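Here come two complexes built around chain A, the first alongside chain B, the second alongside chain C.
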Partner chain A sequence: MEFFSIIAITVGLKSTDMSTVLLFKSGLNAAWMIAIGSFILIIPSLLLVNSVLKKYQCKTILEVTQLTLGKPIAFVVAFIMLCLILINTATDSRSYITQLITINFPNTPLFILYLCFLALCMWGAKKGWETVGTIAWTTFPYLIIALSFLFFLLFKEAVFNRIFPLFGTGLWEIAKGSFNFIPLFSEPFTLAVMYPFVKGHQTYTRGLYSSLIFTVFLMVLLYLSYLWIFDYRSIGKITFPYNEAIRFVTIGRSITNIETFFITIWLVGVFVKFTVYIYLISRIFGFLFRIEEFEHTIIPITLLVFVIGLIPENNETNIFLVRTTTTAYVKYFILCFPPLLWAAAKVKEARAG
Partner chain B sequence: MNNSFFKKRKAFVSEMSQESTGNTSDQSLKLFSGDLVQDVNHFKQLYSFPSNVDFMLREFTINKMERRAVLFYIPSLTDAKLIDDAIIKPLIMNDREITDVTSAIGASAIRAEAEIDKAVHELNTGDSLLLVEGQRHAYIIKTALAAGRSVEKPQNETTLFGPKESFIEKADVNISLIRKKIRSEDFTVEKMTIGGRSNNEVFIIYNKELASERVLNEVKSRIGAISKDAVQNISLLVQHIEDRKRSLVPTVLQTERPDRAASFIEDGYVIVVMNNSPFALVAPSTFWSFYHSGDDHYLRFINGNFTRLLRILAMFITLFTPSAYIAITNYHMEMLPTDLLLAIAGAREMVPFPAILELLLLELSFELIREAGVRVPVPIGPTIGIVGALILGQAGVEANVVSPIVVIVVALSGLSSYAIGDVNLNYTIRITRFAFLIAAGLMGIFGMVLCFMAGLIYLTSLKSFGVPYLAPLSPKYKSSGDTVFRKLLTNERLRPGFTKTKDLTKDTVSE
Partner chain C sequence: MKRKAGSFLFLISLILLLTGCWDKKEVEERSYVVAIGLDLPSGLDIEKEQAIDVTFQFSNPKLNVKGVSPSGGEEMKDVVSLTAPDLVSARNMANSFVTREISFTHNKVLIVSEELAKTEIFYRLLTTAFKDREIRRETSIIVTEGMASKFIEKNKPEMMIRPHRYYQFLIDRATETGLVPESTINRFFAITDGDADLFLAMYGSYNKQKDGFQDEDQYIAGQVPKKGGNPVQLIGSAVFKEGKMIGKLSGEETRITRLLDNTSNIRDLFSSFQDPLDKEYKIAVRIKKTRKNKVEVKLRNGPPEINVTYPLDMKILSVPSMVNYAEDIENQKKLKLALEEKLKENAEKLIKKTQKEFKTEPFYWSLYVRPLFSTVKEYETWDWNNKRYPYADIHVTMDLEITGFGKQFRESDIEKVID
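Let's look at the complex of A and B:
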């Protein structure tokens, strides 16, 4: 159950940040289809990873790689994973904080907010995986309630005809876009590191697929709402679609600006997301360099994330640059790694049995 | 150099304690000798008789047995009438031959004790000691009766429909108040003694079929690990055995109502009772034990849930209203409707202080009035109300030192904090309110969310006697789902799973 909420939060919040701009740029009207397409493309890899994990119960995916592919290759693989996730986290966190600052706190320096934010995520991650899961599970219903409230308010402003033309730029473009945006769903692979902590394979599988379907549904709905409110031409020009959307809604005629309420809920989700990320990074780091008590590495790793996040000087463009390059690498990693793993597992089985 | 200093201190302390625990010359006198004169002199020396007037001895000759006997007792702790009628009278005025002293005495509990230390210990708790010439043991007769209150109404936890009895300072009466609600042979009371000098007794009460072994052992080991000279009552005991002594959040519940204690016993919790305290401790305690009040279950389903809804609303209002006011007026002015914004701006126009300073001043004065209200002697109680209302409220506003909006905010948050019944949780909420206020002043909504998440992380990682603090909400245990809201009584079929009881269902055993 906690697994469900963790996946839903980490993946779902991606629909509220700046990656939606990239999505809409390539897909225009049919950006929501891209999300579905990416999910479909990623299902085979997920299935492969699942089957490998089932064979080796009670081991994380990193240990499984060690067993199947041998130690040096596993080291390389894990190292690549670590680098990718690290850069991802740093750019992601920076982009979220930028979102918060630009609209709501125009006078505050990025440094302070970023520092406080990461300090809290670090403290949360230090408390352990059970605490993180518990927090995700406790706050998840309220996030959903707030989101549904938002949807309800958005529907009032929506113009449903803006969904046409249905396929936007064309089917081939959508397919290319889906391929390019596979990293949207890269979380389940990193979360496979926590496989032994979930009660059983059944719980894992069921939680994984149900939460992914739920998340895809959520993201699609959110993208559609952006489409309905701002037509596709404007979305390419808005850097923060979520923030604009929440400024747009009104309750009746007197309460015109309730965006602070939605910001609060959104912030809670963002905290959970980055607490999970920081914990995962430390775990992979601990595995890589064979540190048993990786919880002590959480503090230096947070500092590392902080420093890396501060490197891009200009907020928007540099983040987009870095993001697009990393997504390029991540998608190849995700597409190639599971089949490799599965094949190696099969080979090992054939050799042993 | 440090080592030798500490060694000297330790040696000094152990020498002192050796000196004070009885005369070293009498170490050999561990058992009663049978020689009446020697024993009586020993006791007289021990209790500083006759300069200590609170120690009496009665010498007499047991009729028909022709033996001398001495009765020791402490008059302030014993029932004089019982001593007269049940002990002295039958022994002196008996007509028949007495062979066995125990059969001649009419008291309800009598036993023989051969060791002097234990006999002295029992004498100190109010029992009487009878020494008979020639016998190498003394008889301990139960005659304890100390002065105290009688059972009254509860003062801090009042209910509309529930029973109106509360604990008093005597442990026996407290145990009987609980026991009469659970008449079962599984109701177990264990006694432990703590405190080197004052020998306070701690009673641990549980239902042996329902309580969890782990929690019970944890409670006993923590109480046994206390190494102070005197732990007088429950409020001091709590601070010794709680999980995190410096934490803002309470982890052990103190209740003054026997019906609450009884319902906790039936759910598998462990209760601790002591003399000199009109409270009982409940272990393990989760957040929900502090949040619920007894009234929630005594009222009907809808009324009880309505009260709970009000309580959670009150909690949020207390915590968030002052900080939300600061965050919105300082950082997010666009969120208010224009009319409200103009009203606030107009009210704040003449005030010389920034909003947060004003709010802090008023909050501080409200807390001062509140503390004063608790300690003020009853005759001048109403004066505090007048002082508070007139001076701080009215005059402050008229002089434009504070704005009326801030008075409203502070009064609202202060009033809602009274909806939280439990004293410890009340303090927690009041203190966290200030933390939220400062965070909101520094960083607006972001600060508030930071503070809220920090609190949530802290609560989810807290454990009370091994049970997670937010159970059964967070780690999902099988339970009746009695967290923020409750169900119909007929639908509450499970005991809380986190107490790891042995019998999970509340329905009667069908056999």
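Let's look at the complex of A and C:
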């Protein structure tokens, strides 16, 4: 269950941040299809990774790599994974903080807010994986309640025909977009590092698939609501659609300005998300440099994230430049690595048998 | 030792957190703007220099204290005007004489003078002003005949001292009766950026007392004959095409537009029609729209064909001619036919007007064109608003249901009474 909520939070929250802007840019009003398309594209990889993990019970994906492909390759893979997830975490967290500053705290310096934020995430990560899971699971229902409430309120304002023309930029463009946005679902692969922490293989598989399907459903619904209330041309200009959407809704006509409610709960979700990321980084780092007690590396790693996050001059370069270039590589990694792993495992098995 | 270090860290973090409230502002320290007025600056050439007259109306926090009666007779100085390069910087400029931080978070309306709305600069100003985090999408746009600053100044709400409530209620009620359109900034952007339909904004005016009596919804703002009360009126709408105001619609036309538009709903529409059996009198009816319009667009070579089914529910409220409609089925049929005829005629007249005058429609019908295309590119090159709609064949079919005759189904027998 904890695994379910962790995946749902880390992946699902992407529909509330700036990746939405990129998504709408490439798909216009068919952005929601791209989310589904990307999900369909990663299914084969997911299945392969899963079957390999099943074979080597109680091993992380990296240990499996080491067993099947040898130490040097495992080192390289882990290193690539580390770099990607590190950059991703840094740019993402920076983006979320900018989002918070732009909308809610115009006077607070980025430095301080970012520091406070990461300190809290670090503290959460320091408590260990079990705690992270528990936190995720306890906050999850509240997130869902808030989101359903938001959907309900947004429905009043929605104009459903805005979904047309159905295929937006065209089928071919959507297919290309789906391919480009595969990194939306990179978490299931990086989270495979935590495989031994889940109760059993069945729990893992069930948690993974049910959570992903649920998350895709949520994301699509959220993208559709943005589309329904803003229309496709307008949405391209909005930097933070989620924040605009929660500012737009009112309960009746006298209870307006209710965004604080949604912001608070959203923020809790964001904390969980980055706590998970930081923990993951330190875990991979620990594997890479053979550190048994990898949880001690959490503090320096958080600092590293902090420093990297501060490098870009503004959030727009951060998102439009850094994010798009890194994600360009992530998708090949996601698409190529699992088949390789699977083939290697097969070969090994054949040799042994 | 460990405990000491822990408590030390705790104290340090307290220092960090407690001094860290950069954005803490008490309500006392803020001035909440409830209405923003935008005008063209007088005596400045906006072609050469970017400038705009901004008027702020503040809510008066003193009046919100419970139990304190507003000090009577004291003139409220809560409207300020200034000339600034744009809306966002006007906020700080105003601080040269307003002591508190000016906040837009509770702003309800953006009042724009007709003169400004007709220039191209209006759209530029609005889109860029929108980057400001405090301007909200549900703010309504009101276009005024004459200066926006005058509109705010002349506005003396009766019965309501708190201006934020006043604007909220004014807009809510006026949109419920259908005499003005719903015109939030969100809708403005959705329609203008979609570049296929006309956006309607509320049209307001302060009274200039023109004479002449017409049917209740034939007026545009400023012409409703009345005595006393607030000089400010909202009726009718300003028509925006591609971000620029190009014309206006009367209250009646606005009502029809809103009835033909599925995205807006009218709650409470009273109207009057000529009595078909006794032309001297007028029948008062209450119109309700419970069913959605059906809009079918057929693509053909040449102009498209559009079939609109326009369902209405009607309650007959007063029949001063004393003709018995409730019990006499024949009469009822005649009445229904006549009403349908009239409604259809009105709708067709308006459609013709939009085709000829504005070259596109305010009914948001592009929504029904969209499903016919599979990609945005095809749809946009087909160009609904400029190339297709003005030449389309549009057929309106009425579907009227008379659902009731009020709580007194028969008028009294006038001859007996007079006798």
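Assume the second predicted complex is superposed on the first by the 352 of 353 C-alpha atoms of A that agree within 3 Å, B and C clash if a C-alpha of one lies under 4 Å from a C-alpha of the other, contacts with A are read in each partner's own complex, and residues count from 1 in each chain.
Following the convention adopted for this analysis, a contact is a pair of C-beta atoms (placed from the backbone, for glycine too) under 8 Å apart; a residue touches a chain by one contact, two chains touch by 3 or more.
Values in this document were obtained by computation on a predicted structure and should not be read as measured data.
K.L.:
So, A:Glu244: does it touch chain B (first), chain C (second), both, or neither?
P.N.:
second
K.L.:
Mind working out whether A:Asp231 is in touch with chain B, chain C, both or neither, as first, second, both or neither?
P.N.:
The answer is second: A:Asp231 touches chain C but not chain B.
K.L.:
Regarding the shared-chain residue A:Phe75, is it in contact with chain B (first), chain C (second), both, or neither?
P.N.:
neither
K.L.:
Could you tell me if A:Phe105 is touching chain B, chain C, both of them or neither one (first, second, both, neither)?
P.N.:
A:Phe105: touches chain B and chain C.
K.L.:
Does the superposition put A:Phe151 against chain B (first), chain C (second), both, or neither?
P.N.:
Touch status of A:Phe151: no partner.
K.L.:
Mind working out whether A:Ile135 is in touch with chain B, chain C, both or neither, as first, second, both or neither?
P.N.:
First partner only.
K.L.:
Which holds for A:Leu120: it touches chain B only (first), chain C only (second), both, or neither?
P.N.:
Only chain B is touched by A:Leu120; chain C is not.
K.L.:
Does any part of chain A touch chain B in one structure and chain C in the other, and if so which residues?
P.N.:
Touching chain B in the first complex and chain C in the second, residues 104-105, 108, 116, 254, 256-257 of chain A appear in both lists.
K.L.:
Quick one: which bits of chain A touch chain B in the complex? Just the residue numbers, please.
P.N.:
1, 100, 104-105, 108, 113, 116-117, 120, 123-124, 127-128, 130-131, 134-135, 137-139, 254-260, 263-264, 267-268, 271
K.L.:
Quick one: which bits of chain A touch chain C in the complex? Just the residue numbers, please.
P.N.:
28-29, 102-109, 112, 116, 157, 159, 161-162, 164-171, 229-234, 237, 244, 247-248, 250, 253-254, 256-257
K.L.:
List the residues on chain C that touch chain A in their complex, please.
P.N.:
Interface residues on the chain C side: 16-17, 20, 22-23, 105-106, 127, 133, 136-138, 168, 172, 186, 189-191, 193-195, 263, 364, 367-368, 370-371, 373-379.
K.L.:
Under the touch definition given earlier, write down the residues of chain B that touch chain A in their complex.
P.N.:
Touch residues, chain B against chain A: 328, 331-332, 334-337, 339, 443-446, 448-450, 452-454, 456-457, 460-461, 468, 470, 473-476.
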